[in-house]
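Dropping the structures in below, format is structure tokens.
Okay, so subunit A shows up in both of these, paired with subunit B first and subunit C after.
Moving on, here comes the complex of A and B:
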């Protein structure tokens, strides 16, 4: 992973082994606090990393964010409309091509997409393969009971089989989820967050919402740093293991502290905004300008969508 | 509870977006009236807090960890309507930047986690803590119960959204197009873990935070009372919401009625009643059958066109068409509400401009 080379070790988590030493005691007890710390640093790492990719030149990075947002959303809607799984495949391929053209390492991109949601989906969808859960035409009979089997009030039928409909539905759902997640990741990786939020104005989202969104994004990192400080301060003072009960109480009081701090903080921020001339009517400035290349990209995306949706309707 | 993209049909996701737009508008109006210019920093920081709180892992019995949503405690402190916006903002950032929850499903996620959860949680808390003394244990207990009720109602609505996919959206061969499970599977699968574990975490955490604030920062628990007392001009939303809910519940009644509404006859009915179909009418009939013909989804309709004689009502038929009919009701209500809002805005804006010119 060449992308990681520019980030310090403590941010990438390679030096994370040390965090295990922070809390003595068995690893199970550490998991809540250490896990939270790990989650916090992973989040910061991911967003620093996204910004790095977004500021590199590439196909999607060079597009006007408004055009990119409209195009990506149209692709997302298309993915959700298709009824044939094999028509989602070319769209997934299209995301891979766009990722490569935007100079995103494919290995990293595929891992980021597949790591969580699709695996989770596969687990969820697994029971629906069987005729016991969702009736259908048997594709592979695992076991023929030869007689009606009942389990309490439920009748399980005469055989246990994987159904044709179950497999078809599962493939369709997983492909749909993977392609949708891919499009979302691509949008987030290739757009700087400030530009992405400003481009929401295309949909006439009120200015004040855009302002709130961008302030929130900024303050997430401040609150994360506060939370990390609270957790580190605690773990660095601990001598023995703490009980889960104590941990729960500690976490609840740190949430309470954070809540109080952020509430007081919002007063200060408001004061700072007013003293700089804020009167409740935010101004969002941007310097977006579309170029012929943007429209060309949008036109090709629209054409691809029209062909695929047409094909889907023809095939029924 | 974050629904990823791909699980919901575009009809459901779109319907929930349409439902959320008037909710956001109403919340925005309320917050602007109560907080005026202060709204932006307060809501933004509450949103950031709601984002961060979802990252806190809690130790659970058995060595695993879980996380809380914190919607109810946020609603208690900044008020339910500001909480709707704050949690929606936090969900938007999760969906756009961190791939947590889908982008098309954002309307649904905001409806379940950002609207149902804090509003029910808050009003349950208010109901149960009414008249309780400052240091009465009933107050933190009420906060915990509110969190439990709010989270489980949100989970139930999420389960219904999932279940509708399995029941309504099928390909011709019966295979699922979106989430594969019907209501009878989705509801227990969602509700058992939420009622037994997730809801309990939410309730315990909310109560613990409440007790902590009661001891260390009691003024925070009253900040919303102060905001409400200072509010100028109030938009009464409660009667509107109750009315809308009542009407929605009554929607399936329409399925029991037979025949067409007066003046809405189809060509066959006119043929039967009058003996002929006017030529001009014949020409235009069937040109436009609507987005949801007969207020049902294509799949449900296929199942519906059995051998039933026209006008007969069978209980099975009614049962099958209820969800489609309900969703049509919700979509219609949202569309009409959205249009009404949009036209009022256009009109008031024009008159406002005129005033400025005069």
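Moving on, here comes the complex of A and C:
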């Protein structure tokens, strides 16, 4: 504001009557998008950043992070090697048992994992169920054309059917994804972030890779906090409800602003870390020490893997 | 490799800034600034918004580097190249602590305790020593009750205290504060002022960037003024600089209506609201 500039009338309210009337029950509900965003932000803050589950005592929390990392990675590799879907099932069951023994709510855990499966896997495997994409023995004929159908150079066969091989492949893929995600979520939930990064360095994962992981973690937090601020600021200036369409438009237009802002801010965060001696090498406030229980757990996991892989090879 | 040729004797300057310029893309932030800060000095860096105070502080902390000119810190050339040397970098980070204006940028650990441990751990102190420092720091800052809380859930004043604690635990000889009192309640402000004076009594060098004339008067023994043209506009003891109307006006730190409170010997100028009338009674 320039020196001695007078406030305009519309701002001072002089010569204007202001309505202070309002109808009870007129209050608007928070928009669905804002609600989702704020909910997500709070969830991530409270569950991921505060490391609540990781600081609770439990089976996996008590393990040495290095041993846990090796065990989990071996299980992950095993899941991707298995060729029989019914052998992945016991491994999935094993993750549930470990989750329960680590005092993780099974309802929350199962929901968290299965939430992503339809989105990321089911859509991908859906076409491969049909004989049009993957020829095989029909399991369920949806429509019999009675004659050879061709689409340009492609022959689509005489019927549209879901095949036995298609279903088998889809079940195998979905089970692999579910079990792998379950193992990943289990590792992330029960290990403090700094311990996990430190364990990666113990296994000589390059420092730059660990640095990127570490910054990504901080960055998600900043991004969420900023998105929350932008929404709150918008809500405070809005009169009347906004339609979902307006909400979507707002999200699209504010995404760029959000990225720009959080980028500038993340420079500051990095500066603050460097200023206190950070050089990309994670350091933790305690030293790792393995106990007999760690080795016992790793031996059990190795034995389970050996039996399952042996079974898989025997069954062909 | 860091240059180790000069400025290492007793009483040598902590920082020697020589004709430093810096720009953010098209925007000039600093234009040929030269200054020296001696060991154990309490310096306020005064300037209006956008005058380049924060940029200069970041430079003194080796987070950004001049486009032109040189900085020597603790007797060594301070450059990106020099800080690539692990030994120099560790020594420099241990000796120079920076309290950021935005506490949120500085707080990223899951708990206050870990936040305070971050610096000492990364500077390679033993776990025992880190634990001792964290406990002591929590105690002197009155943060024991908050030790296991996540820093992002704290109030603005508490966050600032944790940010300061996280730097204190490193035990640097030089403290750089960027707008330490902005947005804080009076009680926290006076806590920070006392802390700065205590640090100074302990022989620490304290450089505070601020636009708060009152804060500069309380905590500084020398004031440097950055002008709107991003150059050093003046410097001197607070009672000289803070009463130099012309200097403060030209640096946009006060406006025409600001006036001096000298009725009770309080020699300073402060800005003052004139929306209602021009009665200047200050009981």
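Note that the second predicted complex is superposed on the first by the 184 of 316 C-alpha atoms of A that agree within 3 Å, B and C clash if a C-alpha of one lies under 4 Å from a C-alpha of the other, contacts with A are read in each partner's own complex, and residues count from 1 in each chain.
Basically, contacts are C-beta pairs under 8 Å (C-beta built on N, C-alpha and C of every residue); 3 or more make two chains touch, one makes a residue touch a chain.
Remember, it's a predicted structure, so these values are computed and weren't measured experimentally.
Q: After superposition on the shared chain, which partner residues are touched by A:97: those of subunit B (first), subunit C (second), both, or neither?
A: Neither partner.
Q: Examine A:184 and indicate which partner it touches, taking first as subunit B and second as subunit C; both and neither are also allowed.
A: It touches subunit B, and subunit C stays clear.
Q: Return first, second, both or neither, reflecting whether A:219 touches subunit B, subunit C, both chains, or no partner chain.
A: first
Q: After lining up the shared chain so the two structures overlap, which partner does A:279 touch, if you call subunit B first and subunit C second: first, second, both or neither?
A: Both partners.
Q: Considering only the touch criterion stated at the top, classify A:269 as touching first (subunit B), second (subunit C), both, or neither.
A: The answer is both, since A:269 touches subunit B and subunit C.
Q: As a test of reading the superposition: which chain, subunit B or subunit C, is in touch with more residues of subunit A?
A: Comparing touch counts on subunit A for subunit B and subunit C gives B.
Q: If you stack the two complexes on chain A, which partner ends up touching A:166: first (subunit B), second (subunit C), both, or neither?
A: First partner only, subunit B.
Q: Just to be sure I read the superposition right, which of the two partners does A:106 touch: subunit B = first, subunit C = second, or both, or neither?
A: The answer is neither, since A:106 touches no partner chain.
Q: In the superposed arrangement, does A:192 touch subunit B (first), subunit C (second), both or neither?
A: In the superposition, A:192 contacts subunit C only.
Q: Determine, under the contact definition given at the top, whether A:227 touches first (subunit B), second (subunit C), both, or neither.
A: In the superposition, A:227 touches subunit B alone.
Q: Considering only the contact definition stated at the top, list the common interface residues of subunit A for subunit B and subunit C.
A: 50, 193, 265, 269, 273-274, 278-279
Q: Give the list of subunit C residues in touch with subunit A in this complex.
A: Residue positions touching the partner: 58, 61, 63, 86, 89-90, 93-94, 96-98, 100, 102, 104-106, 108, 110, 114, 117-119, 121-123, 127, 130-131, 150, 152, 166-167, 170, 255-256.
Q: In their shared complex, at which residues does subunit A touch subunit C?
A: Interface residues on the subunit A side: 3, 45, 49-51, 192-194, 218, 221, 225, 265, 268-269, 271-279, 281, 283-287.
Q: Note which residues of subunit B are touching subunit A in the complex, please.
A: 4-10, 13, 28, 36-49, 51-53, 55-61, 63, 65, 70, 73, 77, 85, 89-90, 92-93, 95-99, 102-104, 166, 171-181, 185, 204-205, 208-209, 212-213, 216-217, 220, 223
Q: Which of the residues in subunit A come into contact with subunit B in the complex?
A: 28-29, 31-33, 35-36, 39-40, 43, 46-47, 50, 73, 76-77, 79-81, 83, 116-117, 121, 125, 128, 133-137, 164-166, 168-170, 172-173, 176-177, 179-181, 184-185, 187-188, 193, 196, 206, 208-209, 211-213, 215-217, 219-220, 222-224, 227, 244, 247-249, 251-260, 262-263, 265-267, 269-270, 273-274, 278-280, 282, 316
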